[in-house]
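Structures are listed in the sections that come next.
First chain A sits with chain B, and in the next complex the same chain sits with chain C.
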Partner chain A sequence: MALNRKIAYIDLSTGKIEIKPIPLNIRRKFLGGRGLDAYLLYNHTEKGCDPLGPKNTLMVSGGILTATLASATARTHVMAKSPLGGMIGSANMGGFFAPELAWAGFHHLVIKGKADRPVYLWINNGKIEIRDARHLWGKTTTETQWAIREELGDDDIKCMVIGPAGENLVRFANVMTGIKNSGGRTGMGAVMGSKNLKAIAARGTMDIKIAHPKEALEYNKRFIDQITSAKVNQTQGTLGTPFIWGATNSWGGVRCRNFQYNQELYCDEIEPEAIDEVCTETIGPYHMAGCFACQVHCRAKYRIPTGPYAGAYDEGPEYTSQGAFCGEPDCRSMETLLTGNHLVDQWGMDNLETGSLISWAMELYELGILTDKETDGLDLRFGNDEALLEMVRRICFREGWLGDTLAEGGIIASERIGKDSFNYLIQVKGVSNLHSDERATPALALNVATASRGSDHLRSRPAIDLYHLPEEVLRKIYSTPVPYNGPLSSEHTEYIGKPWQVFWQENCYMAVDCLGICKYHTVFLGATLPNFEDWPKVLYYNTGLEFTPREIWDIAERCNMIERLFNLREGLTREDLVRGDMLNHRYFDEPTRRGAPDVVGRVIDREKFRKMIDEFYEYKGLDRNGVPKPETLKRLGLEDEPSHLL
Partner chain B sequence: MEPMGKVLAIDHEKCTGCRLCEIVCSVFHDGVSNAARSRIKIVKWESEGVYIPISCQQCQDAPCKIICPVKAISRDEKLSRVMVDQNRCIGCRACVAVCPFGAMNFNVIDRKVFKCDLCDGDPQCVRFCEVKAVDYVPADRVSSSKKRAAAEKISTAQRQAVALEAESR
Partner chain C sequence: MGSEKEGLSTAESLRKTRTYGQFRCHNPSCMGRLQPQPGVNHVKCPACGMEFRVAWIKPNFPRIRGPVWDVNQKLAEEAFERKMKEEKRDGVK
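Here is the complex of A and B:
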C-alpha cells in the first residue's frame, strides 16, 4: 500500500540509518512529496545554516501517489536550503527514480551530515546501505548511472546522481536521473556534492497495493483520455517544450541578450520544427520518449549531427535550453543548442542558470564592467557560440577567474565583480529568471517575484493567462474549490484579478507536487486538464484515503505557508532585491523593444505591482510585510511549527 | 467462426518507454502496482534511447508447453493463447529456461511461473498504450502495416524515378 512506504533518516557523518513509518495524521496534513519535504526542511534545519555545510538537510521524495495508477506519477522531489540564494531550495524531476524508490519501500529520505569520503546510497527492498563511491567521483551523470548498474549487476536500478558540477560545488549544479531528467533549480546537486554523496541508487520489487484496483484502472483510462485529448499535450507529444519557445517568441515573450530584448529575430535554425527535423533524421519518426506511466511523452530523443560531439545521444533540448544557449546569449545555431544541452546534461548543471549567468557576463563584458583580464582573454560578446560553450566548461570545472566566479551563482559573483554588475543581474531570491520576459504580463511578473524557491515559472505561473480565455471559462477554473467573486480579466496585459490567479496556481502546483504527478497533467498549459475536483477520486481509488477538493486546497495552502515560514526564518523581506518578493529594476524602467503591438513598449507599473503584491498577501493571509498573521497560522494548523513530529 | 484469432502486435519503434503497460498489467492481474509482477516488460537501452516491449508471443509450437514435466501448460485455441495451470505448476522453471523471449516469469512470492494471458481477450497493455506500440490485431493483419510501410517506400522511389526521367528529357 502507498501509505506504508517509509521515511528514512540517513546521517552521512555517523553512518546511522533510521527507518520510520509515516503516520496517517502527517499524511492528512501534508500528503507527501514537496509538501512533506517542506515540513521536514523546516523541522530539520537550523536557522542560518551554511547551505554547503554538513548541517544542511537534504530531502528526497516521491509523492503520495508515486508508482500508483494515477497517471504520470514520475516526479522525484528534492529539497534543502539553497546554496544559490539561501532561501528554500527545491527541485522536481521526471524519469523513473521516484517510482523505483517507492517499490524499494520508501517515499522520503532525510539526509544529514557529510561523509568523510565519496559515497552513494544503495536502497533495495527496505534496506539502505552506504557504499564507497571514490571510483565514481569525476564521472559524468550517465557514466555514474551505468557504472552503478554494472557494479550491482542489475540493469533495472534507477539512480539519482550528480555530475562533476555537483562535485565542484557549482552553486547551481543539479541532480539528474536517466539521460536528461533534471532536478535543475536551486543547486541541489551542490548540496549533494557538499555531503560527498555522489548518487542514490534504488531498486525494488515490493507491492504497492491499490485500494480499489478496478475503479483505479477505469478512472486512469478516463484521466488519460482527458489528458491526451488536450491539444497542448498533443503538441507537447510531437515537438516537446520547444513548441512553447516558438510560440512565446512569436509575440515577444522570451528574453534575448540578458533582458535587453524580448524577442529573437533570427532563429530559424532553432525553431521547434527544425529541432523536430534533426530528431527525426537522427533517431527516426517516433523519437519521443515518456517519463514513468505518462502518455504525454514530451521528451525528444536526438543525436548531435555535427561538431565536436557529433553522434552523441541526448534528450531534449527543452524550452530552457533554447533560452540558455540561443535566446539569451543571442547564438543562433542548432549545433550550439544541442551541444550546450548535452554538456549541462553530462556535467549536471542547471541549463537555465548557466545560460542566464553567462549572458549576464556577456552584457557586463560589452559594457566594459568585465574585461579580457577577468575573462582570461575570452571574447565574451553576445553571439559568440564558441565562447559560450567554453564558458560552460570553465564554470563546471571552476577554471579561470570568471569560471570560478560564475560558479558561485549570481549574488556572490556580483559582489566579486563589483561596480554596478548587480543591476544587470535578472534574478529573484538569488535564482535567475526563466528565459521569458514578463514585462507585458503582470500575472507572470507577480508569479516570478513571489515564487518560494526564487524566480520560477513552476511554482505559481498562471500560464493560461496568455490564451485570452473568456471570462466565464476563467471563472469556472478559478472559483473552485474556493469561491472567488472578484474581478478576472482575459487580457494578459491587465493587472486586475491576477493576484487571485497566481494564488490559485500556487496551490494547484503545490497539490500536484505533493501527489507526485507532473504539471502537464493539471491546469498549467492546458485549461481543460484535471485539478482539485479530480484528485480526491484518484487518491481514493489508489490509496483508500478520502479527501474533499477543499481539503486538498487547504493542504496545499498549508504547505506553501510552511515554505514561506522557512524563507522568513532565513531573512525574507518584502522589497529586498536579494531576499525578497521583488523584481530587477529593468522590469519597471526599461520598456520592451519588440513583439506584438500589445506587447511592445511595456513595463511593469511599480504602483500597480505593489498593489498586486498587497492583494496576493491578503489572499495568503499575510500582513503587509509578507509575514503570516497569527490567525492564518492557526487556521492552517501551523501555530506550533516547528513541531518535530517526524 | 474466427479461425485465426487475435494476436499482440508489437511495434517497438513507437514505444516511448513509459512503462504504463507494466503497471496496468500488475494492477489488473494482482491488484497491486509492481513492475516485477508485470507480464509485459519494456527492455531498455537508455544510452541509445531504444525501448523494446517484450511479452509472450503465444507460440503455436510453444517450447514452454513442450518442456513442462507436469503438463501444466496448454494452448487455449479459442483465444489463441498459451496458459499455465497454476494448480499443476510445480515451480521448476524449466519453461523459463526454454522460452526464447524471456516472457515466462517467476513469481518469487508464490514461487510459481506466470505469463501473459491476453487479459481474457481485452489486453490492458493495449488498452492503455496511447501510441499503439502494443496492439491487438487479427492474426492475418499482423504484417499489413509493415507491408504498407514497405509499399510506401517503393511508391516514393517510383515517383522519384518518374520525376528524374521527366527531368532528363
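Here is the complex of A and C:
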C-alpha cells in the first residue's frame, strides 16, 4: 500500500545509505510531501548552516497519494535551506518523477553531505546506488536525462536533474524533470550542484496496494468530472497557463518594466491564442500534454519557429515565462518568449527569478546605476530582446561582472551594485516577486509578503478574490472546514476579510502539497474545485487512513507552522526588508498607472497592510512579532520540535 | 468511512454557479457578466465601457483574448488623471 513507501537517508560524503519505514504516527501528523519535508528539514539542518555547504540537507518527495488511483498526483517536492534567501527553500514540479520514485519504493529522500566528484543516484525497486556522473557534468537538462536512460538501458527511467546553472551554483538554479517540469523557486538546483549531485534517476515496478480500489476508482470519476467541467480547466487544456497572464495583463495586474507599470501594452504577439497558433503550426492540432494522472493537460508542446534556435522543441511556455521574458523586461516578441523559455529549461534556471533580476538590472541601467562598464557594453534598456537573452546566458555561465553578480541573486547583487539599487529590487525574503503586480489587490499583497518561501503566489494566494464572487459563495468556501463568521468582501481592493482568506488558502495549498496533488485541482484558480471536504474520501479509499476535513486542516496548519519555525530560526523578523514579511516601498509609494479604470492610481495602504498582518498572525496563533505563542505550538503538537523522530 | 460527509461537498454544491457561454468583464470592480453573440470577435462592457477582443475556446465557450488597447488605455489615462486630481484635493485615500 501507499503507506509502505520508505524514506531513504543518503550521505553523499560517506556513501552511507539507510532505508527506514515512515511511522504511521508521523504520517498522521504530516501526511507526506512538503509537510513531512518541512519536518525533516527542521530536524536535519543546523541553524545558520551554509545553504551551499555539505551541512545543508536536501529533501525530495512525493505526496501521500502519489502514484495511487487519485487524480493529478504528479507533484515532486524538493526542499532545503535556500541559497537565494537563506530561509526555507521549497520547489514543486509536475511530470512523472515522484510516481516513478514511489513505484521504486520511496516517498522521501533525505540527502546530506557532498560527493567528492559528480554523481547521480540510481533508484530501482527498493535499491539505491550512487553512480559516477563526471561524464554528465556540463550537459543540459534533457541531454542528461537521455544519457542516463541510454546508460542504464531503459527509456522509461524518470530523472530529476540539474543543468549547467546548478553546476555553476547560480543561486536560483532549478531542478528539472522531463522537458519543462521545473522545481523552479529558491535555488534547489544550486543545492544539488553544491553536493555534486547531477541527477536522481528512478525506475520502479513495485505495486502500490490501494486500500479500497473499487471505491477509489468510482470516487475518482466524480473528482475528474468536477475538475474537467470547470471552465478554467477547459481553458487551461486548450491554451495552457498563458491564459492566466493574458487575463491578468488585460486588467492591469502584471509587472512591467520591473515595477514601473502594471500592464504590458500592445503585446498581442504573446497572447495565449497567438502562442496556440505557433504550437499548432509547429507540432500539430494535438499539442497539449499532461502530467501523470492529470486530465487537465495544460502543457503545450511547441517548436521555436524562427531565430537562432528555430526548430528546437520545448513545452510551455508557462505564464511565468511570459512574465519573465515579456512583461517585466517589456519585450513583446514571440520568438524571445519561446527562446527564453527554452534556454532556462535547458540550462536549469528559474524563469521567474531570471526575468525579474534582468528586468531589475534594466531599470538600474536606465537610471544610470548600472553603466556600460558593468554590462560589458551590453545595451540593457527595456525592450531589448537580444540583450535579455544574452543576459540569460551570462547569468547561467557566470560570464562578465553583471552575469556573475546577478547569478548571486538579488540580495547579494544589490550589495555588490550598491548605490540605492536595493530600493528597486522587488523581492520578499530574498526571492524576486513573480510577474504579478499586487498594488490593487491587498489580499494578494498580503500573500506575497507572508509566503514562507519568499514572494510567491503558490503558498497562500486567494486568486479567486479577483472574481467578484458573491459574498455567500465566498462564505461557503472560506467557512469550511473551520467556521468563520468574520467579514468577507467581494471587492478586490478591500482589506477586510482578506487575512482570513490568505490563512485559509495557506492551509489549502499546504494540504495539497502534502497529498501530492496539483494546485489546478483545488481552490486556486477555480472556486468550484475540490478542497478539504473532498480529500478525506480520496485519502481513505486509496490509503485506508481516516481523516476528517478538520483533521486535514490541522495537519496543514501544523506543517505551515514548522516552516515558520524554520524561518524564525534562520532570522525571520517581521518588518525586515530582507528577512521579513514586508514588501518593497514601491507597493506603498508608487501608484499604478495602467489597466482597468478601478485599478489605476492604487497603492497599498501601509497602516491597513500592517493591520492585515496583525490579523493574519492572530489566525496563525503568532504574537505581534510573528513568533508562535507557546499555546499555539502545544495545540499543533510542535512544542518539542525538533523532535528527531525520523 | 466514519468521516465521510454524505451528499455534495462545498465544491460540488457550488457547481451550479458556473456560467457557460459567458465571461466576466476584466475590470475587477465591474466584473459584469458578458455574453457575446456566437462568433463575434469584439465586445464592449455596457457597465464600464471597457472593450475587449474575443476568442472562442469552443463554439459555445468564449473568452477575452485581450483588451482593445487604444480604448482601454484611454480610459486608464483618464481615470489616472482624475484620481490624481482627487488625491491632490482630498489627500491619499
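Criterion: the second predicted complex is superposed on the first by the 646 of 646 C-alpha atoms of A that agree within 3 Å, B and C clash if a C-alpha of one lies under 4 Å from a C-alpha of the other, contacts with A are read in each partner's own complex, and residues count from 1 in each chain.
Here, a residue touches a chain if its C-beta (ideal position, glycine included) is under 8 Å from a C-beta of that chain, and two chains touch if they have at least 3 such contacts.
None of these values were measured; they are calculated from a predicted model.
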- When the two structures are superposed on chain A, do chain B and chain C clash or fit side by side? fit
- Quick one: classify A:Tyr319 as touching chain B (first), chain C (second), both or neither. neither
- Query: Quick one: chain B or chain C, who's touching more of chain A?
  - Reply: C
- Message: Which partner chains sit in contact with A:Leu217 here, chain B, chain C, both or neither? Use first/second/both/neither.
- Response: first
- Message: For A:Trp103, using the defined touch cut-off, is the partner it touches chain B, chain C, both, or neither? Pick first, second, both or neither.
- Response: first
- With the two structures laid over each other on chain A, which partner does A:Tyr520 touch: chain B (first), chain C (second), both, or neither? neither
- Counting only touches as set out at the top, which of chain B and chain C does A:Trp347 meet: first, second, both, neither? neither
- Query: When the two structures are overlaid on chain A, which partner does A:Trp553 contact: first (chain B), second (chain C), both, or neither?
  - Reply: neither
- Note on the structure: The superposition places the nearest Cα atoms of chain B and chain C at a distance, in Å, of 14
- Message: Give the list of chain A residues in touch with chain C in this complex.
- Response: 222, 226, 229-231, 234-235, 238-239, 243, 246-247, 249-252, 265-268, 271-273, 440-441, 466-469, 473, 476-477, 480, 491-493, 523, 527-531, 533-534, 536-537, 540, 546-549, 551, 591, 593-601, 603
- Note on the structure: Interface with chain A, chain C side, in the complex: residues 1-5, 9-15, 17-18, 20, 24, 26-31, 48, 50, 52, 55, 57-58, 61, 63-67, 69, 72-73, 75-76, 78-80, 83-84, 87, 92
- Item | For the chain A and chain B complex, residues of the former touching the latter | 67-69, 71, 96, 103, 142, 146, 155, 178-179, 205-210, 213, 216-217, 220-221, 224, 228, 283-295, 297, 301, 313, 315
- Contact footprint of chain A on chain B as seen in their complex: 13-20, 23-24, 27-28, 30-37, 44, 46-49, 51, 108, 124, 127-128, 130-131
